[in-house]
Amino acid sequence: MYELGVVHRTITRTPAHLADALARFGSATVHEAMGRVGLLKPSMRPIYGGAQVSGTAVTVLLHPGDNWMMHVVAEQIRPGDVVVAALSAECSDGFFGDLLATSFQARGARALVIDAGVRDVKALTEMRFPVWSKAISAKGTIKATLGSVNIPVVCAGALVHPGDVIVADDDGVVCVPRAMAEPTLDAATKREANEGEKRAKLAAGVLGLDMYGMREPLAKAGLRYVD
Amino acid sequence: MYELGVVHRTITRTPAHLADALARFGSATVHEAMGRVGLLKPSMRPIYGGAQVSGTAVTVLLHPGDNWMMHVVAEQIRPGDVVVAALSAECSDGFFGDLLATSFQARGARALVIDAGVRDVKALTEMRFPVWSKAISAKGTIKATLGSVNIPVVCAGALVHPGDVIVADDDGVVCVPRAMAEPTLDAATKREANEGEKRAKLAAGVLGLDMYGMREPLAKAGLRYVD
Amino acid sequence: MYELGVVHRTITRTPAHLADALARFGSATVHEAMGRVGLLKPSMRPIYGGAQVSGTAVTVLLHPGDNWMMHVVAEQIRPGDVVVAALSAECSDGFFGDLLATSFQARGARALVIDAGVRDVKALTEMRFPVWSKAISAKGTIKATLGSVNIPVVCAGALVHPGDVIVADDDGVVCVPRAMAEPTLDAATKREANEGEKRAKLAAGVLGLDMYGMREPLAKAGLRYVD
Amino acid sequence: MYELGVVHRTITRTPAHLADALARFGSATVHEAMGRVGLLKPSMRPIYGGAQVSGTAVTVLLHPGDNWMMHVVAEQIRPGDVVVAALSAECSDGFFGDLLATSFQARGARALVIDAGVRDVKALTEMRFPVWSKAISAKGTIKATLGSVNIPVVCAGALVHPGDVIVADDDGVVCVPRAMAEPTLDAATKREANEGEKRAKLAAGVLGLDMYGMREPLAKAGLRYVD
Amino acid sequence: MYELGVVHRTITRTPAHLADALARFGSATVHEAMGRVGLLKPSMRPIYGGAQVSGTAVTVLLHPGDNWMMHVVAEQIRPGDVVVAALSAECSDGFFGDLLATSFQARGARALVIDAGVRDVKALTEMRFPVWSKAISAKGTIKATLGSVNIPVVCAGALVHPGDVIVADDDGVVCVPRAMAEPTLDAATKREANEGEKRAKLAAGVLGLDMYGMREPLAKAGLRYVD
Amino acid sequence: MYELGVVHRTITRTPAHLADALARFGSATVHEAMGRVGLLKPSMRPIYGGAQVSGTAVTVLLHPGDNWMMHVVAEQIRPGDVVVAALSAECSDGFFGDLLATSFQARGARALVIDAGVRDVKALTEMRFPVWSKAISAKGTIKATLGSVNIPVVCAGALVHPGDVIVADDDGVVCVPRAMAEPTLDAATKREANEGEKRAKLAAGVLGLDMYGMREPLAKAGLRYVD
């Protein structure tokens, strides 16, 4: 359940060296390294292609059609943060545009992840302020109702605590809990280490069937080849 | 993030006198009494009409297409529980049918809330074992992958901790956190107290405009009447 | 575009003998009789089966998450009316429950058609107050923003003017413009006149192919039979 | 690819003793007995609850908004058939109502399965003519374009050949290819044989964990119990 | 209700100096300037990014799967128009491709807004003929049924009269009624006037909380800060 | 019904001169040339714009959340093939990424068409390996269950046999059965032949109404012009 009308000013962020290092692996590798949990729904899409970021989550809970708390969360942003905006009920309105993005960027935010809509996407693209959202909508919002800032939120089906690491790219958005950042970074690094070698082999025509030793387990499972 | 492969046998259930008392208010009143939070998505629908229950949550995290953990959670059910099944990714398969329902009912479960599909709905209806799900599907599942039991889960967009109270009826499903059960019960009781009186007035033709004193604020907001 | 903050008290209703007479034909026949226009989207579903009504539209424009105007429209209801509630943007919240239904019923409303959600469906069913909606949701709404009453609205994709006839049953909801009510009633009556005869023939095993003289046009269109 | 404008009058139906015998197992058991293939999408829902049928498929390919071929397929129906209607593109119009149902029923059809909409559902329910469809819509159709009858069709994602067995109930719709009818019936019979015994044990409180011998494989997979 | 089979040749277009001037504000600002009404559903998306247009609406009502009237509307286009195509029922077929676009462009059309699908999007992109649609589909249509041209239509949930102004960009599509064009232009101009100043302040790190004087109303609403 | 656990090594591919020649016409023209059948659902979208390919289908049936068979199908790829991946039930997981794409590309595959999700889309875009899918998701899959290779499959609503031709571009994906490849190529060539002439006329301002001789049939159908 959500605590309403509260702004937590003090949160424990994942150390920057961990939060920053996860960006280059991308959401797919980080998701694997986490054991396939923590992914936001695939309905969360980037407003422009090619952005790849990681950062520490500051969270905000919004109500449908009301973006008042977006101004409140702006003050809590520190350089390196990613704002994660959850909704108390489904809504596709445009909660965020170029003015808020200017403010967020000035405060050092790296991106916005929002389970609703945004607008001014042309300007946001020119500013290179990346947003992952479930909708784009010209429909604006009012400023009338209190939500909360820096409470745990459920965003696009995933639980996000303030200070967790967010990793986002063209494949989607993953949340890495603070306590998992270091082991996830280790696991991601290991996963990636031998990817180059694998890629070279596959490019040379070696089959995954052989490289991964799959022929025997497939045969055991009963796979039959027919000419 | 989810802890995988773990069964928590000891959970702190909301006291039965609180958990049981919430049923009669229904999900809409309880949701109001909570301050309009805690509702699962409206895509969660009952498989038959008219059921209205409350109980303490035992939770299970499932993977798409795999219902192995449903058998594990069965053992953790105590009389008065409602099983809440979350999925690590979207899936509409039928994870639950009449055999599992027989087992759940024998253990004392009052209902199942599952963010996926169920089957044997004719038999479940005859057994009067209520289920709230997002789909009905004849497609069965395998038993191959570990999830977890009695960890906090996100089910249909809502965060549910083991031991929280679940209230479900034809209008939907609400989760009341354990710490909120008592104040919510108080608030719901108060809400309901004067509903009878209001209903009588409205049935007699009194308008909400007058009963709630809305004419002045509407006029202040600028409402104009035109003939 | 919508005129906001206005209540039109005077509307020209379709005469009752026309509005009332359309109910028994049902939405499918009326839709045919209109030339296949005027149907609301099939996402509009009855909250319980078997209701079949017609009546004159009083309209209300609501904003997402705000049902204040439902109390305003209540005062404008006359016996024989059907309230048609449109939204300025998509929303599935529960805008209407048993208290409002008590008030609507007391004022003489026959039904509610709403392009959003409703709640207390068990009570509404027991009261036999029929509602066609696109969702059922326990989530309540606030009372903060002005919409309008008795302006033309777009509800579930169809344009509805105050005073038009609404016909609704298990198949859906149709809007018959006031000026079309009489010719539609005539056309529906004619359509139905020979349905009984057709049904008897078809029940006796006569094929539509023969009864409607379709064999020749099918052959001309190139239909080939293969053994 | 579809052959257009052709009616195949001669099809090889699954023998009636097989087609008829599958009904009582229901779609879930039959789907399991088939090895979890052949299921139509769960968006296919019955227009009323409780119907459970099986029969031999006669197929028809329709174009969006055009039900001309429904009259053509009527002539090809034999007692014990289930009409399976596929669409060449997505459409939710009402292709079928009480007149066609009267004709289908007179010809001996047991049900209609259609990947589109139907109407007159109140009358169809009273006639007890079961339909599984993806929509209900008052919107009628024209009669202008040729499709085909008794060609293989893709209906709601499943491939159906004329003469295959269709099994449908509250859980959904399964297609059993003619060649698979006998082994599927055998497998379904075996599945069901020990269900009664299992149900009794589970009702007595025996856990699936013990009855199915799951404790060891769960432990091997790494499941940990925590108090 | 729609008048079928009629082409209105004479419509009153919003004066060009108003219709043209709205383009540069974009859909979000225009939507705000209108009082947050007139927006088409956010499912209407541009087939390529970056286009931003305004123009006077010529409307066409189409039936699912039939684009005959697209050729009829072409003749009614004047330079500066935007064609607005509504459907009498939902359809995602490709009603429009590069040949029609060549014709529309030759007649002076600035864009197409269609509540259905289009095709040849690669060619349309190369031609720089912008389209806002709800789908892209290679599926073509027939030419068999009459709709109407230059009647009021409901397109993607919004009511559009011939001669209204359409404003469309990456954020969506707004319809400005003719009578509202001048006041909307004034309001949009005022909104934009102080946006530059605001942007500069926000970029310098000033918070919206201070710039908009939100701290006091937030405190009054009960917002609490916790360390 | 699907045959599970089988790999057909020998398939009859459409001759390369036919399969290759269809690419330049694109999916819309090929779909028309086929008589408007064979199109996969419009939910199948390219992961990047501008790709236009044709090739011979090698098919694979996958189970939700399991991409084991993707490695098995890789071995069956020959230069000029397009892999068509169908699912036994709906799933949006990311079944395919840059490593598999490297392998597919090394084997000579021209594209992947998959009725599920893919990931590593940034890398796939840089590699210029085109994919048409219904989703993008960072969520990976396991390798545990047997599907089949080179059996007939239903992919996004269309029936695809191994060896059929797949044509895909920004407008969507079409399957041309092997036996239809030659007549389809002929029909497409003819369609295209006079398109240049038509385009020139339309660009010069000639109306389709005149060029296609539509005025008379429109008048016969009852079209009225009103000033």
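Chains here go by letter, A, B, C, D, E and F, matching the order in which they are written, and residues are numbered from 1 within each.
Here is the rule we use: a residue touches a chain if its C-beta (ideal position, glycine included) is under 8 Å from a C-beta of that chain, and two chains touch if they have at least 3 such contacts.
No experiment lies behind these values; they were computed from the predicted model shown.
The equivalent interface to A-E, defined as the listed pair sharing over half of its contact pairs by residue number with it, is A-F out of A-F, A-B or D-E. The pair with more inter-chain C-beta contacts, choosing from E-F and A-B, is E-F. Centre-to-centre spacing of subunit A and subunit D amounts to 41 Å, using the average Cα coordinate of each chain. Remark: subunit A and subunit C have CA centroids separated by 43 Å (rounded to whole angstrom). Spacing of subunit C relative to subunit E, judged by their CA centroids, is 28 angstrom.
Within subunit D, contacts with two or more other chains are made by residues 36, 39, 89-90, 92, 139, 145.
If touching chains are joined by edges, the resulting network of the protein chains shown has some other shape, matching none of path, cycle, star or complete graph. Pairs of chains meeting the touch criterion are A-B, A-C, A-E, A-F, B-C, B-D, B-F, C-D, C-E, D-E, D-F, E-F.
Subunit E contributes residues 63-65, 89-93, 139, 142, 144-145 to its touches with subunit D in the complex.
Of all residues in subunit B, those touching subunit D in their complex are 5-10, 68, 71-72, 74-75, 92, 94, 97-100, 102-103, 105-107, 117, 119-122, 125, 135-140, 143, 145-146.
Those residues of subunit A lying in contact with subunit B across their complex are 1-2, 4, 34-39, 41, 88-90, 152, 154, 157-159, 175-177, 180. Across the complex, subunit A is touched by residues 26-28, 30-32, 36, 39, 42, 45, 49-50, 52, 169-174, 195, 198-199, 202-205, 207-209, 212, 214, 218, 221-227 of subunit E.
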